[in-house]
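Below are two complexes that have chain A in common, paired first with chain B and then with chain C.
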Partner chain A sequence: MRRTRTLTLAAAAAGALVLSGCAGGAPAGPAADVTAEPAYEGTLSILTKFAGEPLEPYFEDLAAAYEAEHPDVDVELIQETDQSIKDKTKTLTASQALPDIYFTWTGDWAENFVTGGLAADLSEVIAPGTEWGDTFGEASLSAFQYDGKYYGIPLYNNGKFMGYNTQAFAEAGVDVPQTFEELVDACGPLRDAGYEPIAFGNKDGWPALHYLQQLFAYNVPSDVLHADFDPETAKWDDPGYVSSLEQFKTLVDECTDTGSGTNGVLYTTAQEALAGGNAAMYYQEVLEFDSITAEGSSLSPDDFGIFQLPAPDGAAGDPAAIEGAPEGYLINAKSAQAPLAVDFMKFVTELENAKTLSAPPYGQPSAVVGAVTEETSSRAVYEGITKVNEASQLVGWLDTVTVPEVADAWLAGGEAIISGSATPKEVLESVQAANADAQ
Partner chain B sequence: MSRLGFLGAIGRVFVWSFLLALVVVVVYPLLWMVMNGFKTNAELFGDPFALPLQLDWENYVDAWNRGVSDYLTASVLVTVTSTITTVLISAWAAYGLTRVRMPFGKVVSGVILGGLMLAPAVALVPLVRMFQAMGLYNTFWALLILYTAFRIPFTTFLIRAYMIDLPREVDEAAEVDGASRWTTFWRITLPMCKPILISTVLLHILFAWNEYLFAMVFTSGTSIQTLPVGLTSLMSKHGTDYPVVFAGMVIAALPVIVLFFATQRYFIKGLSEGIGK
Partner chain C sequence: MSRQQTPTRSDARSGAGFDRPPTLTKAMSNAPGGPVDRNARGWYPKVAGLVWVLPALVVLAVFVYLPLVQNLGFSTQEWDIYSGATEFVGLENYEKLVGDPVFWTALGNNVLYAVLSIVFQVFAALVLAALIESLRSLRWRKALRAIYFVPAAISLTVAGLLFYFIYEPNLGLLNHLLEAIGLGQLAQPWLGQESTAMLAIIAMSQWQGFGYSTLLFAVAIQRIPSELYEAAALDGIGHVRRFFHITLPLVREMTGLMIIVTISGAFQVFNEVMVMTSGGPNNSTQVLATWLYRSGFVRNDFGYAAAIATVIFVVTLLIALAQLWYTRRRRVEF
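Then we have the complex of A and B:
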């Protein structure tokens, strides 16, 4: 009896603690006026995704330069890594402590902030046609466009390309493939020449989705594909999906050495296989080009070439679409420092600073027009970004353009296709079921 | 006699080979980590199990300079201070709960032990708001307060359970000899609780050294981040320099290993006499 009472008391105490923590939400502040003249004083907080080498110094240098220009401004940096930024952003959002400027991906992630009223509408200052807006490529701006309004400041662009070892191709006597079928055919000669044709590590799940989304863009008519990203209009029943999944399976079986065990291979292992001269090809983002050929790797920048993943013959979709998306920053709609935040981001995206970002060691191709040049950036980055700019359209990463339930279904589906535990049809059914749940 | 000896020898061989196998299982991964700290990324991925080709300390120096020295300082500082505050406050609380008659004593015990049921993740959001309002967010004090507050219920629970069974006659004898409460606590009760105190100190050190969630949410920047969070910032989505990460992990593990060997005796004694009581 006594024990029961103590337990009840303990539970009640715990309950009270939880409840008192949840009580009371601060009233929403007035909407930020982003066009106002900035007052150069006070603290400006920024949440970046640039923690760790080699990116960390970029914002530190900029903050120091900005503070030197405006001595009454104190820039407070919260730098996170790709892994930790999701949890940090969620906690700061929930506790209404979101910084004045914060990092965002495109797609579903940014949309949540827009619909939640946490992203300031920047149309008046950054829409195409405005002075600031014209410094960016229009495609990067519209990646952050929702309901006709522009919210994001794109910092750098990104796209996915097949990087290859030109020497390996020469030794095996194969040319850069023009169709998906040629790519698969090239794998035999490359293997005979002693190379792993395509290095592929899918331990994290998302690398498979990068292949899939590019194949979807090729095989599925563009309007159908875009309708499928929204749970309300999605059907996920186009025959192009099944053929994409089949092509992906062929590629894994024929061109990788790891085959059905690819799910256990680290992304970095695959990256090192190309950098170390053991693999002939590796599917990668523009952001990685400079680290593949960095000092210490046996692949020199001269031996490194890139090509767009070739489209299958007679595919029904858009063969000129490239998978990729910019990443950028939003300004907190409730921030009292919004005008100053805009001013700081204008400073960050000045051509000079944008060029620094696009050059080694950072190698993040800025979304500012004219920042990526042959002189400042490496040849591969320049070539990749030119192709991104020339693409008919940019298709965002599959796990960021879909809602979380559907993205999870695709992640599981991609792994199942690789290991052979599910057929393309079964994977598509699980995606349809996930979509029905999300509606 | 000779037969028994033969069987005994067989038994010994088995026991020895079993223990040796255990040593390999435990020591090899650690050794692998140390060795890979000497390689380059290409060597590591080219032949993960080979011995390093050279023994230069470049990666270790690199890791040290890339923030591990700061993370280590922060970790040591937070661990030491929060251990002292947690164990002392808990010991006082346990003494009060077991030796002092007070009104609503049961309620007070219930409230303190109720803290055990509060999952840290649940309290995260209100805590961030509170700490921001108080200006403690992203400071050393945030971690010190959180680690102390969240470990007091468990530590008090352990010490209280031990103190309840200590004979009250000793306290009474002290009282008869003219000792005040204060003296009784410091000179009589606390020394008698040594085994459980050692156990709680060890448990708290392990907790504070490895804690990730609070450290990740409440701090940013190299100056106050602790090792578990800091080491992840050595890794990136594309192109992690793994040998440097391994070197950082070795540096992070060293203090705990040294601590273990230095206090091995208390470790075993503390665990067997304290918790296994």
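Then we have the complex of A and C:
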């Protein structure tokens, strides 16, 4: 019997080896020559994160304009949403069907494509000092730099801010809080004035991570925080993490109407609560500013203000750090259309197109220098990007700067903190365990 | 007056009393007593038959069995989807399963889902079907069958979204209803806390599937000869005893089938969980399929995801085998 079982296992293992031989293998060497002259013919595929209104027409219009300029080129758009693009990209990657140009976040997300040989090295065309590279802010380019090489084309910059209804603040008689403690103290008067102090929806898990990462930047010394992003050097044992989780729990309990049930609320419901004039504050990305005050919202651009999530008194980290990162595009290293892809992205990031992107209704602050101005962008977007540029450092999103196992542990931990099913110490232990697995 | 002969089951096996099936080959159409074509009993009919079924076999092999075998292979590997590199790790992914608390939570949720589904979609649905079929008015019977069936016509994704908004803590109908009838203290963030999230999803699923099961049981009850009920009624046997002594035994085939189908469905649950909670909060509503998805597409651990897929396959295979065994063994004939 034991012999039979051993033979069965051996056969299964052998079968698996045969299969692994079929399925595996190192990637083919990069084929893309991004410096070559493009041949203006054929199909160019691009995966964007601009599905849905109001963003969808942006790439549609650009593709139509490019095709009109180059009649033998057919631009094939694959447009996904912020949520669906993650699955789409991984499915295309696993089936070796990545398009010529594809969207990316910074951090671990982009690094996976770089180390996997799926992103073309663009240093020769986009590094600072090159003609195209000099049209971008250097920090935006550096966000996609790995081992000294530049891989990404930054499309827009982004940062996280507390958006607030200035009328609600005036009615409640509260000023913009300067410390985290003042923020929590402001919630009582705002609730008394008839507003939900902070609208918050965490059904998808990541909105909690945005609060946590900003609090980590405040409470954890920068060098420790950055070391913890890498599983090889991470310890995740700084007391600042426990403080951050406690502060986060206080904010959820004191300032949201949904409290421990916040995990059952969509982030778009929370967004609507501010736009509809029911909530006084909503923690959001610069990319959302123009949607909040779009036509049809109760909240007008004049009544909309922003401030950086205030740092706790005496926090051990960097109170001038802002959570955020540029987002951009990579060019498939195996694409036969790489020169054409570079040409198309140069067209996308021309100043006029960059200004269009930065203006309402798109409101995506372009990474191109000179695109975001008081004239081109809304007041809030301009103010947000100015603050991003003035920040001592940008700390990337927690779910893209860490490896997926650790990010997932933080995501579950954030939910557990909200519902009260785990203590900060227990959450930290689960993150440490996930990090040990990832090593 | 001559009585018309009806074909029996044994006739069906021999072909007597039924129209002759269409001729497939020349050899098969030879008249009895004529020259015997040796190919008729030899290789030719077998090959011809094989040719007919070959396309289906190829499709089945490529799209069903090959992925199954490939999945087994993937479950013994670490697979980096970015570089395409694979590393054979033997049974490591299966060892990891054993030590993964979320896997056990997911498995427990599937079992809970199966148990509650059997209670509602099998036993409660059977009782409801019996009640509907016991109504005298045909119009009411038809109307009630349609009313109960309507949720089954809604896609699971749509039903999930609908219930997501019903359960919403601030704006949801359920909490407002509880407050309106003076039970405001029972209002909960149904999907937002570990203690109620899974039960809330299962409740939606029962609402969606209950009518379909009821309809199937109604069909099974309609097949029971009415003479049996009439005789029982003449003997003074009440509704409850008629249910237990006539209905229940004579729909046992359908009951068995429904139990197996329900359990099998419970281990393949995915859509409603993804739409309503994505497995949260804190992984409390993970089921095997959503944990598989999360392991692969969020955590990039495709080898581990394949191991979970193998577990789902084994469980559903065992249930399918049980279904085959049961349906062959327990025939109800009237």
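Heads up, the rule we're going with is that the second predicted complex is superposed on the first by the 410 of 439 C-alpha atoms of A that agree within 3 Å, B and C clash if a C-alpha of one lies under 4 Å from a C-alpha of the other, contacts with A are read in each partner's own complex, and residues count from 1 in each chain.
By our rule, a residue touches a chain if its C-beta (ideal position, glycine included) is under 8 Å from a C-beta of that chain, and two chains touch if they have at least 3 such contacts.
In this text, all values refer to a predicted model and were calculated from it rather than measured experimentally.
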Quiz item: When the two structures are overlaid on chain A, which partner does A:Gln96 contact: first (chain B), second (chain C), both, or neither?
Solution: both
Practice problem: Based on the superposed arrangement, let me know which partner A:Ala68 touches: chain B (first), chain C (second), both, or neither? | Solution: neither
Practice problem: Could you say whether A:Gly264 touches chain B, chain C, both of them, or neither, answering first, second, both or neither? | Solution: second
Quiz item: Which partner does A:Phe113 contact after superposing on A: first (chain B), second (chain C), both, neither?
Solution: second
Quiz item: For A:Asp408, is the partner it touches chain B (first), chain C (second), both, or none of the two (neither)?
Solution: second
Quiz item: Which partner does A:Asp87 reach: the first (chain B), the second (chain C), both, or neither?
Solution: both
Exercise. May I ask you to decide whether A:Gln79 touches chain B, chain C, both, or neither, giving the answer as first, second, both or neither?
Key: first
Practice problem: Using the touch definition from the top, say if A:Ile418 reaches chain B (first), chain C (second), both or neither. | Solution: second
Exercise. Under the contact definition given at the top, report the residues of chain A touching chain B in one complex and chain C in the other.
Key: 9, 12-13, 17-18, 20, 87, 91, 94, 96, 269
Practice problem: Would you pull the chain B residues touching chain A in the complex into a rising list? | Solution: 40-42, 44-46, 66, 106-107, 109-111, 113-118, 122-129, 132, 137-138, 216-217, 220-221, 229, 232-242
Self-check item: chain A - residues contacting chain C, complex
Solution: 9, 12-13, 15-20, 23-27, 86-87, 90-91, 93-94, 96, 112-113, 115-118, 203-205, 257-266, 269, 404-405, 408, 411-413, 415-416, 418-419, 421-422
Self-check item: chain C to chain A touching residues, read off their complex
Solution: 69-70, 72-77, 79-86, 88, 90-91, 164, 167-171, 188-194, 197, 277-278, 280-284, 294, 296-302
Quiz item: In their complex, what parts of chain A are in touch with chain B?
Solution: 2, 5-14, 17-18, 20-22, 51-53, 55, 77-84, 87-88, 91-92, 94-97, 267-269, 271-273, 275-276, 278, 284-285, 287-288, 291-292, 294, 296-298
